[in-house]
Amino acid sequence: MSELELPVVAVDRIVETALEEDLAAGDLTSEACIDATATAVAHAVARHELVACGGVVFARVFARLDPGVVFESHVVDGARVPPATKLWTVRGRARAILSAERTALNLVQRMCAIATVTRTYVDAVPRGRKTRITDTRKTTPGLRAVERYAVRVGGGQNHRDNLSSAILIKDNHVAACGGVRLAIERAKRHSYTCKVECEVDTLAQLDEALAAGADIILLDNMDTPTVAEAVRRTAGRALLEASGSITLERVTELANVGVDAISVGGLTHSVRAADIGLDFEP
Amino acid sequence: MSELELPVVAVDRIVETALEEDLAAGDLTSEACIDATATAVAHAVARHELVACGGVVFARVFARLDPGVVFESHVVDGARVPPATKLWTVRGRARAILSAERTALNLVQRMCAIATVTRTYVDAVPRGRKTRITDTRKTTPGLRAVERYAVRVGGGQNHRDNLSSAILIKDNHVAACGGVRLAIERAKRHSYTCKVECEVDTLAQLDEALAAGADIILLDNMDTPTVAEAVRRTAGRALLEASGSITLERVTELANVGVDAISVGGLTHSVRAADIGLDFEP
Amino acid sequence: MSELELPVVAVDRIVETALEEDLAAGDLTSEACIDATATAVAHAVARHELVACGGVVFARVFARLDPGVVFESHVVDGARVPPATKLWTVRGRARAILSAERTALNLVQRMCAIATVTRTYVDAVPRGRKTRITDTRKTTPGLRAVERYAVRVGGGQNHRDNLSSAILIKDNHVAACGGVRLAIERAKRHSYTCKVECEVDTLAQLDEALAAGADIILLDNMDTPTVAEAVRRTAGRALLEASGSITLERVTELANVGVDAISVGGLTHSVRAADIGLDFEP
Amino acid sequence: MSELELPVVAVDRIVETALEEDLAAGDLTSEACIDATATAVAHAVARHELVACGGVVFARVFARLDPGVVFESHVVDGARVPPATKLWTVRGRARAILSAERTALNLVQRMCAIATVTRTYVDAVPRGRKTRITDTRKTTPGLRAVERYAVRVGGGQNHRDNLSSAILIKDNHVAACGGVRLAIERAKRHSYTCKVECEVDTLAQLDEALAAGADIILLDNMDTPTVAEAVRRTAGRALLEASGSITLERVTELANVGVDAISVGGLTHSVRAADIGLDFEP
Amino acid sequence: MSELELPVVAVDRIVETALEEDLAAGDLTSEACIDATATAVAHAVARHELVACGGVVFARVFARLDPGVVFESHVVDGARVPPATKLWTVRGRARAILSAERTALNLVQRMCAIATVTRTYVDAVPRGRKTRITDTRKTTPGLRAVERYAVRVGGGQNHRDNLSSAILIKDNHVAACGGVRLAIERAKRHSYTCKVECEVDTLAQLDEALAAGADIILLDNMDTPTVAEAVRRTAGRALLEASGSITLERVTELANVGVDAISVGGLTHSVRAADIGLDFEP
Amino acid sequence: MSELELPVVAVDRIVETALEEDLAAGDLTSEACIDATATAVAHAVARHELVACGGVVFARVFARLDPGVVFESHVVDGARVPPATKLWTVRGRARAILSAERTALNLVQRMCAIATVTRTYVDAVPRGRKTRITDTRKTTPGLRAVERYAVRVGGGQNHRDNLSSAILIKDNHVAACGGVRLAIERAKRHSYTCKVECEVDTLAQLDEALAAGADIILLDNMDTPTVAEAVRRTAGRALLEASGSITLERVTELANVGVDAISVGGLTHSVRAADIGLDFEP
């Protein structure tokens, strides 16, 4: 899991934006109440079980305010930890730590939450099944890079990064082209380096998409028996992705009928922030 | 409600960042499948009951891609609408509308969700009680301006915008200063234009904060009888704000015992995206 | 050809950067020599045969300095035009036109050059052959979006946009993984939404890549007979892309032996600027 | 040659933009295929004879992704090196090196190319002649600072940096002012700290420019005998700069008749990227 | 005084903008005249008595150009020093020091000037009086963060940071609301976390503002006897701030009649740059 | 005077930065107190005699918040106007006008002040004398483009824009080169497109600079008789610029002895903000 990589350019931009928003003009309270030379040691502690995620981001927030802050990580990203686990420690100027606290927590509480919920979906895939859990483009505007990383940390996969990294033909594209087959043909002429995925609502459309040579077929809001039939008809000629109102129970069902992937918008658009506190050593 | 104002400089930055993330290098699918001159009409439709929020943001996303897109709003921000309500309509080049769709929805789904959940909390305050529901700094990094607007649209109030717009003395500041009284005194010497709020854990600390002249006292994680006692002791000498594990039931309880404000991190850090679809006219 | 689309967010950033570089502190000569209210009409004229490209970019440069400048296009992007063709006309404040002239020309001279050279390669593919000509990531830093557009305008295709939009396994990745097969397997596990392309130097590696299920195989610097053999062995199981020292003659040869695509770094990294003048009406 | 200086603020902006373009969302292939802790040593090697240029830029690209990458330079900027020369070495995390490779090469291949072609022009000036070879504003939008540096590294000089750093009166300015003399007079009144250069097409205009006190006179597209006559008439009263369709042969001719400077747009607008490979130690 | 804190994110943005403005394309003179490896030692020296301010900013300008420049501070911010005092020393590459000199001095000359003039106002408050001297939003666009810091260094206080950090009802707001009372009521309903300040022109308005519960009342351009009467009437129910044509003499007068604060636009909008030279060791 | 031109790219950046600083998170007071649909008409009025400057900047601030605000100018930049002159009028949404007021005034108060003080210096040059008054690089960081414009509006000239637009050899460069002559020779070899200016402290250095062919010689802190002698010796071979402790009286003296230019740092680094009010129509 420690094998995953955060894109530093994106992370730096996110951290800078977040600090400008919260701290651009300084921290009145810390300037008033904390001596400039006071130091502190603070531990980020998980208040409940979670999948750890975002140590590098956490560290960068503090380092941006004071390069002298020393960061220590007690877990690798992707580790599932019990309540009260000490995740990361920062030591340094007390003002820098107090000023950065909220920004750092806002980021990692979201990242851990996404990693944790993703893990839950991944774990709902029965052992032996290769069904992948993937995110969507329903990410928080501005935070896509870190949210996609959190999905990977949780054991999920990333769907296409953005509108220029793959082709995904939706119903409106199909309508505009005059049908699934015509849309797929136009797409395949347009690019050979990216896969062509096509959303279908019916098995008839599935047949058309298979005939036209779609690489991936998105089965939108189909019930499990229909998905099972889609798997049977497809017979490996394309990858099948299910989406729409995905619960944990449906993950298990859909994996059992052999769908290749399940995309879940809720991995990123509706998470509850993980509860992580920053406990200062007395 | 239409009286509220979105800060345009912040909105433009947010929209620009979001579009760079999703669309900087173009939309492969629309270029492949949609004729350049094709036009479309699309309606944002609420899939469930919600408080509408973000029409201006929605409009700007499409206008940024094509100033020729015409926007029409069918609701004012703050209106609670039933399922299947048409919220906003865009008309213009089909490619621009399809390319902007996801970015626009990602933003307003979050804004409507925040407005809606805020309204729920606001409605839990019994009629006749003046208790205010407020947000916290637990906003999504980069989106604070639009999230705070959504809170206001939902009928809530905004707490301090950032670390330089008010003083909020927390436990670590108290510890560093050697006590509630000393911390408040330092804070009051530091600024006379912003209120001094101090977090307290006990009634003894409350007494100390009152004696030191705090403007607002944050009652952190106190049970309702203790809050009631705090209200009694305070007797209007300071505003009292309750926070920590706030449920709708507790909002009613706390309002009934007379607390002035209740701050709820969950208004912004843990919302489920509202389900809003973009329906294209055939 | 007019069907292609320039990403406006990227174009605006490029134009802004270019104008800051050349004009941030003003245009001394125009301020000294041109009356503030003087107007001018100027025509961008091709000094030699070329494929027109970049009218929208050209227009934006002038409009950025003065929204009152009126732009008229006499050609569609993608039209091959003879020498002395009037491409675009701008009318408006003389100072704005003179100040923007060099920046506008620097951009379109490069875009037309890329479109023109791409067209030459595309035209070298014998009629009836479906071989595609594609660009690479060897674009000018900062100008990728407009250069990729120019390749499309010239009739070429775009390869992956950047490191996050597709997988391309090169020799160093192969070496690090311990072989073609292992690398492809790791890649396929990593993503199902993007194609896995693998560079191979030998037919043995080709066989290995086919066996491992690569979507695209990049035949690096192979002579034509070897490529022909590769096409034969592959038999449609993967797309074959040739690259390395591609001349126009080799394009014809390689297309004739049936390769699916030919990627040419020189489309973007080594073009001679097209000669386009801005002729002012007297 | 090592005496020349790259402006770091501009370089950092260029590197940041380039990395955002190629890598903002991460490097799928390296994440999939390269272990996070794997290290590598890679050498930038000239595939042909060239003038080395851009070591500092090369180093910064890798350092931006991983400050732990160690850079070593084997040549000074400006050294002409034979084919197969090892120019620079980077050692560090393999992922960072692979992810930065293309961006780093795109930049230095262009810089070395400009330095090399400039050197060719400079070497065409006969020994003993003081004619200077200079660039123009026909640089790549966004890359002016590094391209101008490369010209200096090649032994050339920089012409004015941008529209606000010197006055260059062109034909349209002359026409607007009603003549060469009037234009120069307006320019000289406008600024005394920058030289006034005026483009002329005829010897009559030259005489007028000399009489009006131009500091530099740009002889636009004149044949060599006319330039010789211009030198004779000028007799040191102004610097003479030749431009327009400059070949290496014409450089020698023009230098021999005593022109002070020759400006060559092709130094920057039409270079073939130098062929530089990044060879990894096995 | 050393207890005060500069917000680093804002400082970095200011330094970057300043260097881009002055140095983005390099320093012609230093490149021409100074050897690349030459080193220098330079001391910032106060040419007159002043309050030192901005050592951190000074250091960052040089460090941005060359991280190898070593900075040493001989004074703490806030120290009043006699003429000819050595304030700060930089040692390092001569080119970096010469190139950064003007930018660094432009910043600290302004900061020291603000700190010094603020100290003069602060010193005009008679011993034993608690009247605070505060700045306004009349700061230099783009430099607010460093100018507000300089006011604090001079012993002054900061008024609200910006339009979103406190409420200040001015005459136009009063007119729009239909009176002082109505305006204050609307403001108090709008926010409970920030103080409500209201500008008044007459004692009648003062009474109205007190009755409505304003936290701070801004006495605009009142003569001293009227201010004295305002203090008497207010009797501690609100803080009173005087503003308008404030001279040092009036500071003393107003402090003596017991006003709580005096806000002075001239602290930031009209300072004479402090005279600070950069003396190079021979 | 209306002939002068503000660089729009720089102006837009300055306005954006200023509004982000003051208004990024909205205007609490206007949102609370002003109805969203209320409109207003406001006039910028000079409270004392001044030279008008910055109408375009003023207009842009309001337009940035609301494109619907209508701007009307009653004066041209450069007009000297008596007290109580109405300069500019804005009409539109009251909130937008109130929110933009301070930012707009901060900018134009500084611009008018610079134009006005420059005019005073320009007027101190006796009729018939051609001595130019020029600014320096002692401008406010971030505002150089608008401050230089204000100097031109005041009738002054601009010195070099920045370190890359001209060569100015100062004492430290002289020392590093081993003398005035050597420094000038190095500079002249480095660039032929920009003038070489050299600072001298003595007449002996002046002679050396003249012999070496400096284009401009900066007479630093010389008394008037010495400047007169310098003019005599120079005899038109170079332009002479005086600087250092320049008062209005010295301007007259120096102009009378025939110096070509006088550079005055105080035009930009030490101005008192012009008093301009924004009067709302009742």
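Going in written order, the chains are labelled A, B, C, D, E and F, and every chain counts its residues from 1.
Keep this in mind: contacts are C-beta pairs under 8 Å (C-beta built on N, C-alpha and C of every residue); 3 or more make two chains touch, one makes a residue touch a chain.
Treat the numbers as computed from the prediction; the structure is a model and nothing was measured.
Peer 1: When A-D is set beside B-E, which has more C-beta pairs in contact?
Peer 2: Result of the comparison of A-D and B-E: B-E.
Peer 1: Since chain C and chain F are copies that touch, is their contact same (over half of the numbers shared) or different (under half)?
Peer 2: Different residues, largely: of all residue numbers at this interface, under half are found in both copies.
Peer 1: Let me have the rounded angstrom distance from the C-alpha centre of chain C over to the C-alpha centre of chain E, please.
Peer 2: 51
Peer 1: Using mean CA coordinates as chain centres, what's the gap between chain A and chain C in Å?
Peer 2: Taking the mean C-alpha position of each chain, the two centres sit 32 Å apart.
Peer 1: In chain E, what residues contact two or more other chains?
Peer 2: In chain E, the residues touching two or more other chains are 7, 23-27, 30-31, 35, 144, 161-162, 164-166, 190-191, 194.
Peer 1: Which positions of chain D touch chain F when the two form their complex?
Peer 2: Contact set of chain D toward chain F: 7, 132, 134, 157-161, 164-166, 190-195, 197, 215-216, 239, 260-261.
Peer 1: Inside the complex, what are the residues of chain B that reach chain A?
Peer 2: 14, 17-18, 21-35, 38, 40, 94, 98-99, 102-103, 105-107, 109-110, 137-144, 162-170, 172-173, 175-177, 183, 186-187, 189-191, 194, 265-266, 269-273, 280, 282
Peer 1: Enumerate the contact residues on chain A facing chain D in the complex.
Peer 2: Per the touch definition, chain A meets chain D at residues 2-10, 144-145, 148-149, 161-162, 165.
Peer 1: Which bits of chain A are touching chain E when the two form their complex?
Peer 2: 16, 19-20, 23-27, 30-31, 35-36, 64-66, 95
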